[in-house]
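Could you have a look at this structure, given as structure tokens, before my questions?
Chains: A, B, C and D, in written order; residue numbering restarts at 1 for each.
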Amino acid sequence: MLDILGAALIGLGTVFFVAGTVGLLRFPDIFCRLHALTKADGLGLALIALGVALMADGAGDVVRITLIWFFVAVAGATCGHLIARYARRAMPEGRHD
Amino acid sequence: MTDPVIIFDLLLAAAVVALAVASLSVRDLFVAIVLFITFGLLSALSWVRLAAPDVALAEAAIGTGVTGALLLKTLRHLRYVSGTLDRAEALSVTPAAPVPAPVIWANAAFCGLVTLGLAVAFLGAPRSGPGFDALVAEAMPASGVDHPVTAVLLNFRAYDTLMEVVVLLAAVIAVWQIERGLSDAPAPVLGAVWEGFARLTLPAIVVVGTYLLWKGAEAPGGAFQGGAVLAAVGLLLLLSRLYVPQPSHRGVARWAFVLGTGAFAGVALLVAGGGRVAFEYPPEHAKTLILLIEGLVTISIAVTLAALFHGREPVALRSDRGRA
Amino acid sequence: MMFGTMPQLTPDLIYGVAGIAVFAIGLVGALCTQDRLRRVLALKLCSVGAGFLLVVAAWRGPPAAPDPVPHALVITGIVVMVSATAVALALIRRLQTLETEDDT
Amino acid sequence: MTLDPMILALFAPLFGAVAAFVLPRAAGAVGLVAVLLTCGAVLALARQVLAAGAVTLELGGWAPPMGIALRADGLGVAMLAMTAAVGLLVSVGALDALREARQRQYFWPLWLLLLTGMNGVYLGTDIFNLYVMIEVIALAAVGLTVLSGTREAVRAGLEYMYASILGALLFLMGVGFVYLQLGRLDFAGLIAAEPSAALSAALALMIVGLLLKTALFPLHFWLPAAHANATAPASALLSGLVVKAALYIFLRLTTHVPLPDEILVTLIGALGAGAVLWGGVQALRAERLKLLVAWSTVVQIGLIFIAFARAGQVGLAESWKAAALLILAHGVAKAAMFLAAGRIRDEVGHDIIRDLDRAPIRPTLAQFTFALAAISLIGLPPSLGFIGKWSLMEGAMAAGYWHWVAVTMIGTLLSVAYFSRVLAGFLRFDRVRAPLGEHQGWALADIAPLTLAISAISLGLLAAPILSFIELGYPFGAKP
């Protein structure tokens, strides 16, 4: 039962990733792309982590998965921030994508 | 085609090859490096698929992480030196010169011949060759550790591994020799969010690196992966200017570089005698010795990789002192 | 395990071919590009291709554990390659600095 | 605790490098001690080999194929001895020749790591271990190439680095395929292997990688600039010793896999012939002395490959001795020549061949040394180079390969021509415009090349003992 629920969550997370990727490819400028990417990946990652945690063997694995989710999320957010920051700095000098 | 995983394999392999082509053919060098990093991560993923988690860890941490950082740093330096730092694109850093036709033909012939050789050798090979599986399995109990890859690296073929650490030492000596305290591109200002991130992750990375090292005795991980993860601490410190190499730190750095080589070679020599040859650890102390070597080698690897990233030897220069 | 009448699509075949392709791509890049940084990138691709080959050589199919020796060899190869890359990149940086100094 | 001489030969330079790096002030003394210890180890090893034939040592107590064994036989020890002796003399010369403190500080650790790598190659029996060793050699050698820090040296060093990495990766790919097929990495496994097309392809990959590293025409493109722009002691090490490591592995590999057919032998000979002719012409055109000497290395490597090819169907069982003699002769003579060229350049202030005869200073001793080294490289009796060349031609004549004889003769004539460009400049005094300056006197740096050059000549008289020594332990051919 838990396995089915887990698989469903992972599937849902994957859908978010696909959506984020489509956004990355289709959106016009860097900020929209970042928007699509960070939102979709944040949620997608959380869902997949939750799904995997449901399928995990013991408490130790759940703790590890949580930690992985936490650090990936923090790193992703920081990266998004840095990219946006760099893009905004570069803008006045005539960078238009 | 019975296995649905095969489709995943095909897609992954195709993505790896496509990324390889893309990273060499894209015009913007920055994009090329980013594509290369993606390529490395996907390669690591396919090695996980092939049941090689140690290799995947090493490739992700060293082959992709450290190498990618090195490449990006170099690109920034080149653009800084050539005055194109502010331009939107850095297409290439070397001016292209016309290549004479015979050279092109010779290169093409060489590539063709080598690829032909590769194809003949691969297609003629047995699918799953004979290996050392049985030998390793037989020798495992005497190795002192429970993880076969660690046993091979630090016991059965420790001589190779010692020389690998020597290669790292040679690299850092050569790099210090090549770059002579030249002024560097100014460090990028990364902002408060980045600093918070660095403060949060630094202790976590230390824990992860040490864990990988410790875990290496019985599970995937070990000195090289742990060392690479700890090197990330050095990279973060250098990038966020929390640590600025000083000329007076050179002595300590030199000792840190040679620590792994010296300890590894020293233990290898000291265990010899009483009928034993070099590298032959007495079985009852094998685990202790291996962990000792691994610990010291990890420190060396971490410091060396960070130094390779920083590049030049910290010597006193006016431009050094002037930089805040 | 044996040469069948039709080559069966197995992971080792797939990744082996991919590894050889990556090596060949890297080789072409190393010989035919002029940009210094890109040549380093190409050589690095070659080394990953060689890594693929050795990992494939170690693979034994799902129930059996893989052969640890090639894994150790690839790890060695990765560390050796990062050392060589670092030296090559240091040379590139130094050369660019020297060339710029001479021009001005 | 008894120390095996093989272990000492590996660890003395390794610990020396470590010590020289952490104690930069004492680097010279530490380095010299380490090289002397290595020489002692090689002597002890030579005594063992004389007494017992080949000796082996299984490291860690793990037998091959899983573990790694070291093996020393006559040929290996001869290479070790050449490396140690040339290395010792170059080290003595380097004490004096390196002027900048920074160069001194980095020369020693890099050179000692290079020595570690080379000793490892000559003792190695495991192809993956050889790959790691050639990488140690490559990184140290590149570091030495750019020691002078000039733009030309760095550019040449980068080309060298690319060629080195690519060569090593081709070698590694070959190693991977050998493992895929045989599941073994030791030489014994290669001997026992069933020959197949796939195995030949794997070995061919390894050999191509080695040819790139040893700079056989047309894969020599990186060598002249790299060797010509390094500082004199570094050039001597690079040209005299480093290219020999890859050559030695090539020699070892080809014996385990007899070259399959005449076409391949002819191909290798043809590449060697190309090197002799192309290198000779380039040496004739070279404007700088060190560039000429570097091109002469390309020629000599070509000659060694003709020696491989000259026996044809008789195979390597015959021809390897000529190749080994040429390798040894070139190592000694070329080191002498590069050191002498460095001395000439230091004293005269430049090394443009056309202007050497107008120099107000006559570094007579260095010029004499250069001439002696040239005698061995041209192959005039009684030098070791002559014995090697004679043995090559004798074999080619016996096999009826007159074309190899012809190429060798043309190569010899070319070498006479390009060396006499230099020697003529040494002997002409009529074009001196300024009054002859005082020779600065003998220096420590003159002793090393002179000793090397005299050895290159006089070792020819010892050719018979050398030949019987390198056959100890049956490096090739029949096994006991």
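Simple rule for what comes next: a residue touches a chain if its C-beta (ideal position, glycine included) is under 8 Å from a C-beta of that chain, and two chains touch if they have at least 3 such contacts.
Quick caveat, the model's predicted, so the values are computed rather than measured.
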Of C-D and A-B, pair with higher C-beta contact tally: C-D
Centre-of-Cα separation between chain C and chain A, whole angstrom: 29
Intercentroid distance (Cα basis), chain D paired with chain B, Å: 31
Contacts with two or more other chains, residues of chain A listed in rising order: none
Per-residue multi-chain contacts in chain C, two or more chains: 23, 27, 36, 47, 53, 56-57, 69-70, 73, 76, 80-81, 83-84, 87, 91-92, 94
Residues of chain B whose C-beta touches two or more other chains: 114, 118, 122, 126, 129, 131-132, 136, 156-157, 160, 164, 167, 170-171, 174, 178, 180
Complete list of chain pairs which touch one another: A-B, B-C, B-D, C-D
Footprint of chain C on chain B - complex, ascending: 1, 5-6, 9-10, 13-14, 16-17, 20-21, 23-24, 29, 32-33, 36, 39-40, 43, 46-47, 49-52, 54-55, 58-59, 62-63, 66-67, 70-71, 74-75, 77-78, 81-82, 92-94, 96-97, 99, 104, 107, 110-111, 114-115, 118-119, 122, 126-129, 131-133, 136, 148-149, 151-153, 156-157, 160-161, 164, 167-168, 170-172, 174-175, 178-180, 182, 224, 301, 305, 308-309, 311
Complex interface listing, chain B residues touching chain A: 86, 88, 190-191, 193-194, 197, 200-201, 204
Complex contacts: residues of chain C adjacent to chain B: 1-2, 9-18, 20-29, 31-38, 40-42, 44-45, 47-48, 51-53, 55-61, 64-76, 78-87, 89-94, 96-97, 100
Touch list for chain C against partner chain D, complex: 23, 27, 30, 36, 39, 43, 46-47, 49-50, 53-54, 56-57, 69-70, 73, 76-77, 80-81, 83-84, 87-88, 91-92, 94-95, 98-99, 102
Residues of chain A that touch chain B when the two form their complex: 71, 74-75, 78, 81-82, 85, 90, 93-95
